[in-house]
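Look for subunit A in each of the two complexes below; its partner is subunit B in the first and subunit C in the second.
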Partner chain A sequence: MNSMIYKKKSPLLIFLIPAFAFLLVFLYYPFFQNILNTFLQIGGLGRAPEGLNTPWYENYQRLVSDPYMRTALKNTLVLVLCTVIFQVGIALILALLVDTIRVGAEFFRTVYFFPIVISATALGLMFNLMFLYKGGMVNQLLLSLGRLPYEVKPSGKVIVQWLDWKDQAHFLFTMFLPVMWQYVGFYFVILVTGLNNIPEDVYEAAALDGADGWKRTRFITLPLLRNVLCTCLVLAITGALKVFDLPWVMFGAGMPENQGWLTGTYMYDQTFNKMNVDYGSTIAVLIVVLGVVLSNVANRIFRPSEDL
Partner chain B sequence: MINGRRKLSHAFTYLVLCLWALTTIYPFIWVILNSFRQKGLIMSDSFSIPLGEAFTWDNYLTAWHRSDFKNAYLNSFLISGTVTVCVVVIAGLAAYGLVRYRFRGRGLLYSVVLGGMMFPVFSTIIPVFRMEAVMGIAGTGNRWLSLIAVILPQVAGNLCFAIVILMGFIQSVPIELEESAYLDGCNVFQIYFHIIIPAAKSSFATVAIFAFLWSYNDLFTQSFFLRYPQERAITGLLNEISSQAGVNYGLMAASVVLVVIPVLVVYVCLQKHIIKGLTAGAVKG
Partner chain C sequence: MKKAFALLLALIMVLSLASLSFADSVTLNVVTSYGGDDGNRGNFEAAVKAYEESTGNKVNDGSATSNEEWKAKVLTDFETGSEPDVLFYFTNADAEPFISAGKVVSIDEIRAEYPDYATNMKSSMMAVAADGKQYSVPSSGYWENMFVNKAVLEDCGVAVPGPDYTWDQFLTDCATIKEAGYTPIACSLVEVPHYWFEFMVMNNGTVANHLDLPQSADDAVAAKWAAGLNDIKALYEAGYFPANTLTASDAETVELFNSGEAAFLIDGSWKVGYFTSNAADLNDFAIAFVPGKGERSASEAIGGISMGYFITRKAWDDPAKREAAVAFVSQLTSDEVLSTFVTTEVTALVNGASPAGLNALQESAAEANAKITAIAGAVQDRLTAEARGDLFANVQNVVTGKMTAEDAIASAIALN
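After this line comes the complex of A and B, so read on.
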């Protein structure tokens, strides 16, 4: 149909060469070089490799036996699980609720989406203030609700037992909450769009058959939403594996006591601060492999059959 | 009876929705309020509105004088502005070529674009650094070169997403427009600039906004390439403040507000483009 204008192929080069040159040089070449790097010995960032590692799979050996790596992996997997359950879960509930109202849907969409456009660095700093040990927002709130033990000294001074939100017992909560909270709005917006795409006559037919309320949600909405939900899950999983800024600003290098590593922050620390560049590359490869495997698993489980 | 129950469930719906809205708005209000509070008071009384004695501009003055915000803003806008322009121009051309031309290897190139979205920045950053060091761009200590060193990988990182979104929109531009322009004697480049870009304007806006925000908000890439004080961009500066401010919480709150404001302005003005454009792309796949 468009043969007339687009038969002459020479302008195509001008259209395509800039983009694919960029992708080749700054995405594909580095990606494969990075895989090669895991077998090489590299003395520092930006330095030339000094030959093969001995044995050549040394980094992978180390990956398996590194206890901090195991912590990072465990935390990251917990984070993935939490994002799938809470992030997508809360987004789904909010989207289903918004779908039932007429007034204010636009407002909620704008407000829910807002945290996504804010830099995670600023959010990290903000949550640091909120979870401050002595007199942070959360602790002040708990104190005023009478949920923190305190004693009044004879001198009139009040001694409060503040809750340390970053200690060993609480750090996972403190680290994951902002990460999950930030992106709920993203999945919410995608799910709402999916809901709007369900044709009205499907609901009308269901109403004739007597399906209402919860039944309607369970047997009509959710199955029709399955495709979009699956997209959300894959995005949530790959997103959780990429998390870096928020935990880095809030917890830095593996606080508390090397319990708080994630694969992303550990990779950065090894590469940049410890100068184990080839080991950092190996962690990056692991992150990619995890992403591919986990999103495939999600697809296997949730992707509906073609005829749906 | 049924009517009453429906009203109740409606009220409950709004209650839940408002509660979540509170969690996304209130933290920002809280930070803004506390950025105007005398610094000692934040730890004892952070919920009230700072009036009279408690009100102060000091936190902003300290933030502005102690840290080089002016320079960091300049660096950030130079980086993100350039990234935005490059992404829109390059991705627009590629999307147009991929949508309208039929040629061998088109499917392969499309998979290259889709595949490119899968690479986390972790997996490319080290070789990119090495490559740019060899080219003499990265790690030189020269401010302008370092900015370019950040811009190049950020452009590459945003391209794939931009191409996919733009392809979706260019596909929906009716081809008759192009054909009549062609009969009027336009060549493909004129068609691109006079027909395609105006027709797909809103998707170009979406792509531009996201490229800008992702670049402005990114900490990881920037902390690899911007290592000297005069090169630091906004997020890097903020990260530094967070580790150096110690117990000066007022300063932290003010810094957060200073960083969030440009984004807030962009968001409030352009939020229609942001949300609509994104969902159109994401749901189409």
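After this line comes the complex of A and C, so read on.
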């Protein structure tokens, strides 16, 4: 029976064609149409194009000279960097720590994974309240610790100089912290699973040779975890390029003073709010190119070892 | 056992299908701006409930707070064929894209089948589209004016502004209020700069020419707009807006005013309901007048009827939904229902509205409205969504000096 399946390939097509057709209609066709849209003049979603742009590559010229696009690109690349360092880094530390405890590991797995299942909109609203200017949780904490200056007027009125967590000096921290926090648990679970797959006898042999503590981590755990770590890094980089929902809920259109754009939020704003569909499509093309290039670079740098 | 279970399931399925086939109720998809913290949200919910109970129909309420994003979403829904059955929306240039695309039904066409449709409205006050036809049934009108926190003003020794309030008096009052440790003006310049824009433009022109649009970046109207934007910039530089006006939401700054931390707030009639629900003591608030400058008197304000109910072509062409949609609009624009929405606003009702039991703030609004000497619509309503979005997004650039007022206006004109 098995040999029949391998000899007769045609039944495979029955399973492959629907999936391929689905991809063709919902991925490849929109993708190539999107590229075409970048050369057309489209004044709203669903509206017919009003002809070619003049010159036809006008949107690509604008992409290069647009200062907000440069800001978006810079912020997105900083986000990618932060994701690699903090999201995967913290996840790795937590995974190593949880791996060493014997009681409560399940509890920590659940606790760290929990933020993933909360919707980004709810998280955005929650962090908005935490970083609220007047009376937000963080500012109240700082006030109670005496870290915020205040002035008492002759009338007895107390004027507190609240910290604006969304101003130009603080917005990157306020924007990136929830994003980091939300996905640490995701990489934590992947890494813990990787740690569980390391055979116990390797550790036992190392213990007999006198390796313990940091040496055990440095020379056994991390090398054997390399492939899983590589997968996490590639996922983190490509995931960071697509971040949209949390920053949009918290910062909307480029707050503060057009310094808070990400490639995702800028594309959304141009397409849905400014009705500039062709320019939005051009930004989408850039996001795709960026994703392909960065994930390839990440794959080359963090190439999984074939020895493991 | 298995056979019995299968029979039971089949029976349930047949009965479900039968109940669907014989059901008379229609589900209407309705989108309005009576969402979020709109002052009439409660009245709208009550009216919808009454409609559902009287007709047996269901309403899928897709209401949201009106802002530029909401307007863009509504237009996108029309363009992608996802429009609702009934829409409560702006009747000005904002509606032209779906009117010119033939996506909504004219009043005349509806009256050909339902002669009594919207006959309780004054025809002269119903919006006329670019093609000369009427499409929407107006709801209540609106006014925009200055809300004041009387408790703050009293604490600062500042009098409640009257209809002769001048710009110089206002600047002096702002300095006094700031010195006393309060925020003079509650406004999010990043989210709702349009309230101040309208009055500052009128302050540098007249009520008669308020609706003029600039044709070029260096004509007289553009100069008037630039002067208005520069007045906002001067207020920003003097520190009269909240310290976080460029990062705060409208809700945050309104709460600043509501909690007795700010003195002045320019907003619309829809905000009266918000304070009715949220103010600790309504007697702490009053409706006063936006300071006048040049030829404009403080007694001249922004107002009119800007929104109405549209029935979409999609609902009209659906035999099951046509009658339900007509009944919905008729019921929500009836004299009785509109009277629950109206406190101090103008209506197009032939018999007028008869609001009952005004509270302290509503009475204050009625008193202020009685002293209004002239009114003009909002000039922003004459701009396309793209031009308006661009202009208001650039207000933050103008006040921080990253862009000149003239450049912001030129950028908006190019998109209009």
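Quick note on the criterion: the second predicted complex is superposed on the first by the 280 of 308 C-alpha atoms of A that agree within 3 Å, B and C clash if a C-alpha of one lies under 4 Å from a C-alpha of the other, contacts with A are read in each partner's own complex, and residues count from 1 in each chain.
The rule is short, and it goes like this: contacts are C-beta pairs under 8 Å (C-beta built on N, C-alpha and C of every residue); 3 or more make two chains touch, one makes a residue touch a chain.
Everything numeric in this text was worked out from a predicted model, so none of it was measured.
When the two complexes are overlaid on subunit A, subunit B and subunit C occupy overlapping space and clash. Once chain A of one complex is fitted onto chain A of the other, the partner contacts of A:Asn258 are limited to subunit C, with no touch recorded for subunit B.
In the superposition on chain A, A:Lys157 contacts subunit C only, with no contact to subunit B.
Of the two partner chains placed around the shared chain by superposition, subunit B is the only one that A:Leu94 touches, whereas subunit C remains out of contact.
Of the two partner chains, subunit C is the only one that A:Lys166 touches; subunit B does not reach it. In the superposed pair of complexes, A:Asn273 makes contact with subunit C only, with no contact to subunit B. Contacts of A:Gly46 after superposition on the shared chain: both subunit B and subunit C are touched. When the two structures are aligned on the shared chain, A:Ala284 is found in touch with subunit B, with no touch to subunit C. With both complexes placed on chain A, subunit A has more residues touched by B than by the other of subunit B and subunit C. When the two structures are aligned on the shared chain, A:Lys134 is found in touch with subunit B and with subunit C.
The superposed model places subunit C right into subunit B at 134-142; the other stretches listed in 134-142, 152-160, 206-214 or 260-268 stay free of clashes. Residues 45-47, 132, 134, 252, 272 of subunit A touch subunit B in one complex and subunit C in the other. The touching residues of subunit C, counted against subunit A in their complex, run 68-69, 72-73, 75-76, 78-81, 97, 155, 180-182, 190-191, 243-244, 246-248, 252, 256, 261, 385-386, 389-390, 393, 396-397, 400, 402. By the touch criterion stated above, subunit A contacts subunit C in their complex at residues 43-47, 132-134, 151, 153, 155, 157, 159, 161-162, 164, 166-167, 171, 252-253, 255-258, 272-276. Interface residues of subunit B, counted against subunit A in their complex, comprise 10, 13-14, 16-17, 20-21, 23-25, 27-28, 30-31, 34, 42-47, 89-91, 93-94, 96-98, 100-103, 109, 112-113, 116, 118-133, 138-139, 152-153, 155-157, 159-160, 163, 175, 178-179, 182, 187-189, 191, 213, 216-220, 223-224, 234-235, 238-239, 241-243, 249, 252-253, 255-256, 259-260, 263, 266-267, 271, 274-275, 278-280, 282-283, 285. Residues 1-2, 4-6, 8-9, 11-12, 14-16, 18-20, 22-23, 25-31, 33-34, 37, 45-48, 90, 93-94, 97-98, 100-101, 104, 107-115, 117-122, 124-130, 132, 134-137, 140-141, 181, 184-185, 189-190, 192-194, 197, 228, 231, 235, 238, 241-242, 244-245, 248-249, 252, 264, 267-268, 271-272, 277, 280-281, 283-285, 287-288, 291-292 of subunit A touch subunit B in their complex.
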